[in-house]
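Each of the next two complexes has chain A plus one other chain: chain B in the first, chain C in the second.
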Partner chain A sequence: MSVAELSFGAETLAAPQEAGRGALIWRRFKRHRLAVVGLWIVAALFLFAFLGPVLSPYNSTSIPTADLIRARDLDPGGSWTDRAGVTHTHILGTDSVGRDYLTRLMEGGRVSLSLAIIVIMTSMIIGMLIGATAGYFGGWVDAVIMRVVDFILTLPDLPVIMVLSVILADYIQDIPGGSVTILGIIFVGFGWVGAARLVRGMVLSLKTQEFTDAAKALGASNRSIILRHMLPNSLAPILVAATLGVGGVVVGEAALSYLGFGVKAPFPSWGNLLQNAQRDVMSSPFRVFYPGFLILLISLSFNFIGDALRDALDPRLKL
Partner chain B sequence: MSAYLIRRIIQMVLVLLVSSMAIYGLLLAVPGGPLAELRHQAADKKSSFSAEQIARMEKMLGLHLPKHLQYVAWLAGDDWMGRIDPEYAGDRKGVLRGDFGDSFKQHRPVLVMIRERLFNTVRLMGASAIISLMIAIPVGIYSAVRQYSKLDYAFTFATFFGIAIPGFWFGLMLILLFANQFQKWGLPFFPGSGTISTRIRPGSIEAFLGITRGSWGDVLTHMFLPVLSLSLRSMAGWARFVRSSMLEVLRQDYVRTARAKGLTERVIIAKHALRNALIPLVTIITFEIPALFGGAILTESVFGYPGMGRLYLDALGGKDFPVVQGFLMISALLVVIATLLSDVLYTVVDPRIRFS
Partner chain C sequence: MTTNGSTNNGDVLLDVQGLVKHFPVRHGILQRVAGWVKAVDGVSFQIRRGETLGLVGESGCGKTTVGRSILRLIEPTAGKVYFQDKDVAHLDKPELKAMRKDMQIIFQDPFSSLDPRMPIGTSIQEGLNVHGIKGDEADKIVRRVLEEVGMHPEHARRYPHEFSGGQRQRIGIARALALRPKLIVCDEPVSALDLSIQSQVLNLLDDLQKEHGLTYLFIAHNLSVVEHISDRVGVMYLGKLVELADRAELFANPLHPYTKALISAIPIPDPTVKRDRIILEGDVPSPLNPPDGCNFHPRCPIAVARCSQEEPELRRVGSASTEHYAACLLVD
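Let's turn to the complex of A and B:
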């Protein structure tokens, strides 16, 4: 209830010029200095992952067969000369099959980050729709949905995701990128629950408010009340939950891929780079360090941003 | 109270029944059936699997039974099914009587295999929970009482760090630093894997402290790094929780009353505020229990620690489905029991809550 009141307050305050509310949120957001740093880091990492592979002179999927031996297992800054006499330098060295490690990191980031963003957006949309339906209609619809939600919440997620990915892996063996798709679907299967609970709680309080009665009196259909009144008013906590959730998906993907149940070769991801690197942890410890460090950076940044966003959107919001 | 307990236990049994169906259903969802992989291996001449073994496993899984009886046989055994049709008679006792079948790979009862590993995992989880609480509670209290102090900012930053960091990667970094680099630098290094040393290596922490092989000290030094990596996340989460819960309590009227009475700050915090602030922690800790199984899998995998999580990982990799089912079923049982215990505990620590 506090959320609705407050966002109403903000809207009426900002009514004269629409830009006012955004500016107010931004001003409050900026007070959280670590979040601003986090924003820069996120921007930098997205450029690194999406623009980096395009700019990189190396292509990580093609292995230089002719010069394979010379390009393998180079230290950071190492270089080798191919048969044509051209010297190739690798800033972060190469992996055990001679691929440029910096490029692998960029391409791994592309997979990890796209997966995280798509998973979060899909889970939030599905969760919002289901949660709003449960909260708005109540009764047996609510009871059934909430039982399912409670059941999913008590599942030990990692072991269950692992067994699902083993069973489903056989179905998608021949589809390129199948392992990424399956992982995404499983994550959404677990991820919508949080959003659904959040929105259900919001809708339960929103529907007792006068504007809902007013909308009903004006003859609005249930669908339009949910889509035009309930969902927009519960957007703030969802936005915060989504931001806080991104790091969790990146870490989750990394954990599963590290164990060998997530993103599979030839697709690199920050998780399966860790899996490959662990084999030669003694000879090249930095190969284990980099992917995990990038995961930590992105996860930490999104946590700071989410925290600041919560304060900026509504200081009284509790998540 | 007893009516509430009876209702909760019935609910518990229902949840377990649904879980058991889901877990059994997983087996049916495997493309080509649970034995597809083994048949594939048996077709290979060099394989140790024979056709007779596969036939025996088929019988063990109850695949010779009609479809509607297969789940029943798994759950309640088929030793009594001779009464329905002499052909159905088998020697399985069923999950309800603790018979999860035999492992495909090791040809031993699943329950025995899990029992061997269970203690190692519980030891790891227990140690990590205790250490997390011992650090999280004082840190949370300090941060709340001295809100916005330098140390509070430092702790807050550290908790963000602990929540964001991938725990298994942190474990890998611990091995790199305390096991590998310490050895290179000539410092007393920690063991990076296993539960006890095969021999005490010169220069290791055991040699430094004069610990003998196989002693409690040996076990503890092996637990040090895994517990550290397992605790980080819960420590951070709980510290943050204690801080916000404590801040809320400190704003309450009865705390102001206690101050007005002239009580010392120490008494106010320890006797009035803390007890109320810690009540919701009980629920938060229970919420963490399902996550502990995931944590165990990752930690045990990173540290080559022979626990339940490692067993599960190996079983999944080898498509050893009876072991997979056994692990999932026992996890479900432990989660459900822990949830019930915490609900009961909650009413003990907070008499305001009534059973309803």
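Let's turn to the complex of A and C:
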């Protein structure tokens, strides 16, 4: 190894020890106090929504038929005694058909949050693959895909969703998950375009960098260049968009459910809890307040986290 | 398969014949082709096994395009590239993949030539994996090539941002070397480096060539660098090869007026030497609309009337004992 013996002083000395990338990102993320608070709130809300219904003694959907009169419309902290003499206490009261409101709030969170997470993950993955394909191959592939994207972006989403959910309502029984699945598909249908645009833009600049040519010269296939080089390098902005998107889907679900096109009874979601509560807003204002407050909290938290991630993942900032 | 009159003695590894690459310039919403940039306009040369052919010229003269067309990183418009007697432009996918093993490239910019999200060991291994070498064997090769370029094998797990420009260039060389190629296209491999690092990398390339019998196409704009490393030198101007000769011959006895001007511009580190610098007037014409006749005639100090009408061919010139080619009507 004659060449190896030509050690070049400082050149071959170990590169400076650096903290891992993860630690660096976390340090920059922590500078945003609100985002750290947001992270705690999100964690708490996920526990609330996914662990809560399991721990709750009440069922979120079944109605206590026999004792309906005594159980319904209880105020927070209210309680009633059934024929067997057992007293039931409801921390947040009950709704107009006697279901425990806290349990419904937790179960509604489970529906809203799982919908948001699944929708965002699916639309980001679809958007990344389609956007990377468009950007990488360019030419007519790019032209066709981006015209489809433009078309979807020009559609007014609310009216389209209303029409679609009316049309699809007939098939709700045949689809596993029913209204939630339909809502998810509609959200993904509108959601992937943003990710596709973002990734396409990233790939357009990445593919002119020499490491792309190097991979080509090594004989790597287009598929492997996209999967191994293009996508990992465009992950940071996608992560930010996904985080900001979660809050958006929760709010979108709430808006649609509020209008009656979203998650259908008897399944609760934060949106339809809000809708069902509006009839009783004068007598029981707290039923509007709780789901509304949780929607506000989760979307604010995700927005703060997204903003902090944007700064933390920016490689130009080295703090 | 002879183009320049040189004998085809089986030693020829790469034979480029009449290579042409025109890039379309598009305008408007309909993307109509408004013109063609004649980046490379009929370039022919041969590289023999084990030698280094230097390719020099100003920026924009098409030397990088030549390098990338040979590797089929861009599809040439016309012309033939024979590598080991096979036409590179007409290989199907599996043949092209097999050829890529034998032909590699080192890039100019050590910062954009490595994927920032990939540990350098993985980058080096990528080509091995593509060609079916995996696991322990691939790891062993990565360690070996890292040592060969003067890096520690333990560096394999680090990311590119942890290295300096010179170290990154070594990693780029290691990546090209891992597949044990026969030909390496060096696309300005040292022009982005500090002067002291430049000589280290040049010496490294030199040593690797001796050790592995590599053949280099060395693209550069710095004449001193090319003089240091090349066996033969080709000079390009506006998409055409204007002169091609042995290194010593070219630097001692340049025949084309453009080469003469270039060589007269090399700084001499001795203030007492009086030099006759040839100052060229004007700029390089746009390759979108190159001049008629000889490309160089608008700036040529010795141009005559027929230079603007006749296009000179690259032909053998000078004494019979040396292989010296030039594309000038006024040289014989």
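Just so it is clear, the second predicted complex is superposed on the first by the 291 of 319 C-alpha atoms of A that agree within 3 Å, B and C clash if a C-alpha of one lies under 4 Å from a C-alpha of the other, contacts with A are read in each partner's own complex, and residues count from 1 in each chain.
Rule of thumb we're sticking to: contacts are C-beta pairs under 8 Å (C-beta built on N, C-alpha and C of every residue); 3 or more make two chains touch, one makes a residue touch a chain.
Quick caveat, the model's predicted, so the values are computed rather than measured.
Student: A:H229 contacts which: chain B (first), chain C (second), both, neither?
Tutor: A:H229 sits against chain C, while chain B stays out of touch.
Student: After superposition on the shared chain, which partner residues are touched by A:S179: those of chain B (first), chain C (second), both, or neither?
Tutor: Touch partners of A:S179: none, neither chain B nor chain C.
Student: Tell me the contact category for A:T94 with respect to chain B and chain C: first, second, both or neither.
Tutor: In the superposition, A:T94 touches no partner, neither chain B nor chain C.
Student: With the two complexes superposed on chain A, say which partner A:A215 touches: chain B (first), chain C (second), both, or neither.
Tutor: second
Student: Identify the residues of chain A that lie in both the chain B contact region and the chain C contact region.
Tutor: Overlap of chain B and chain C footprints on chain A: empty.
Student: Where on chain A is chain B touching in the complex?
Tutor: It comes out as residues 34, 151, 154-160, 162-164, 166-167, 170-171, 247, 251, 254-255, 258-261, 274, 278, 281-282, 285, 288-289, 291-292, 295-296, 299-300, 302-304, 307.
Student: For chain B, which residues are in contact with chain A within the complex?
Tutor: Within the complex, chain B touches chain A at residues 15, 18, 26, 29-32, 157, 160-161, 163-166, 168-170, 172-173, 175-176, 180, 290-294, 297-298, 301, 312-313, 316-317, 319, 324, 327-328, 331, 335-336, 339.
Student: Could you list, by residue number, the parts of chain C that touch chain A in their complex?
Tutor: Those in contact with chain A are residues 68, 71, 73, 96-97, 100-101, 103-105, 107-109, 112-118, 123, 126-127, 130-131, 147-152, 155, 158-159, 162-164, 166-167, 172, 175, 179, 197, 200, 203-204, 207-208, 211.
Student: Which residues, counting only chain A, touch chain C once they are in their complex?
Tutor: For chain A paired with chain C, touching residues are 1-4, 6-8, 11-12, 14-16, 18, 21, 209-211, 213-221, 224, 228-229, 232-233, 235, 315.
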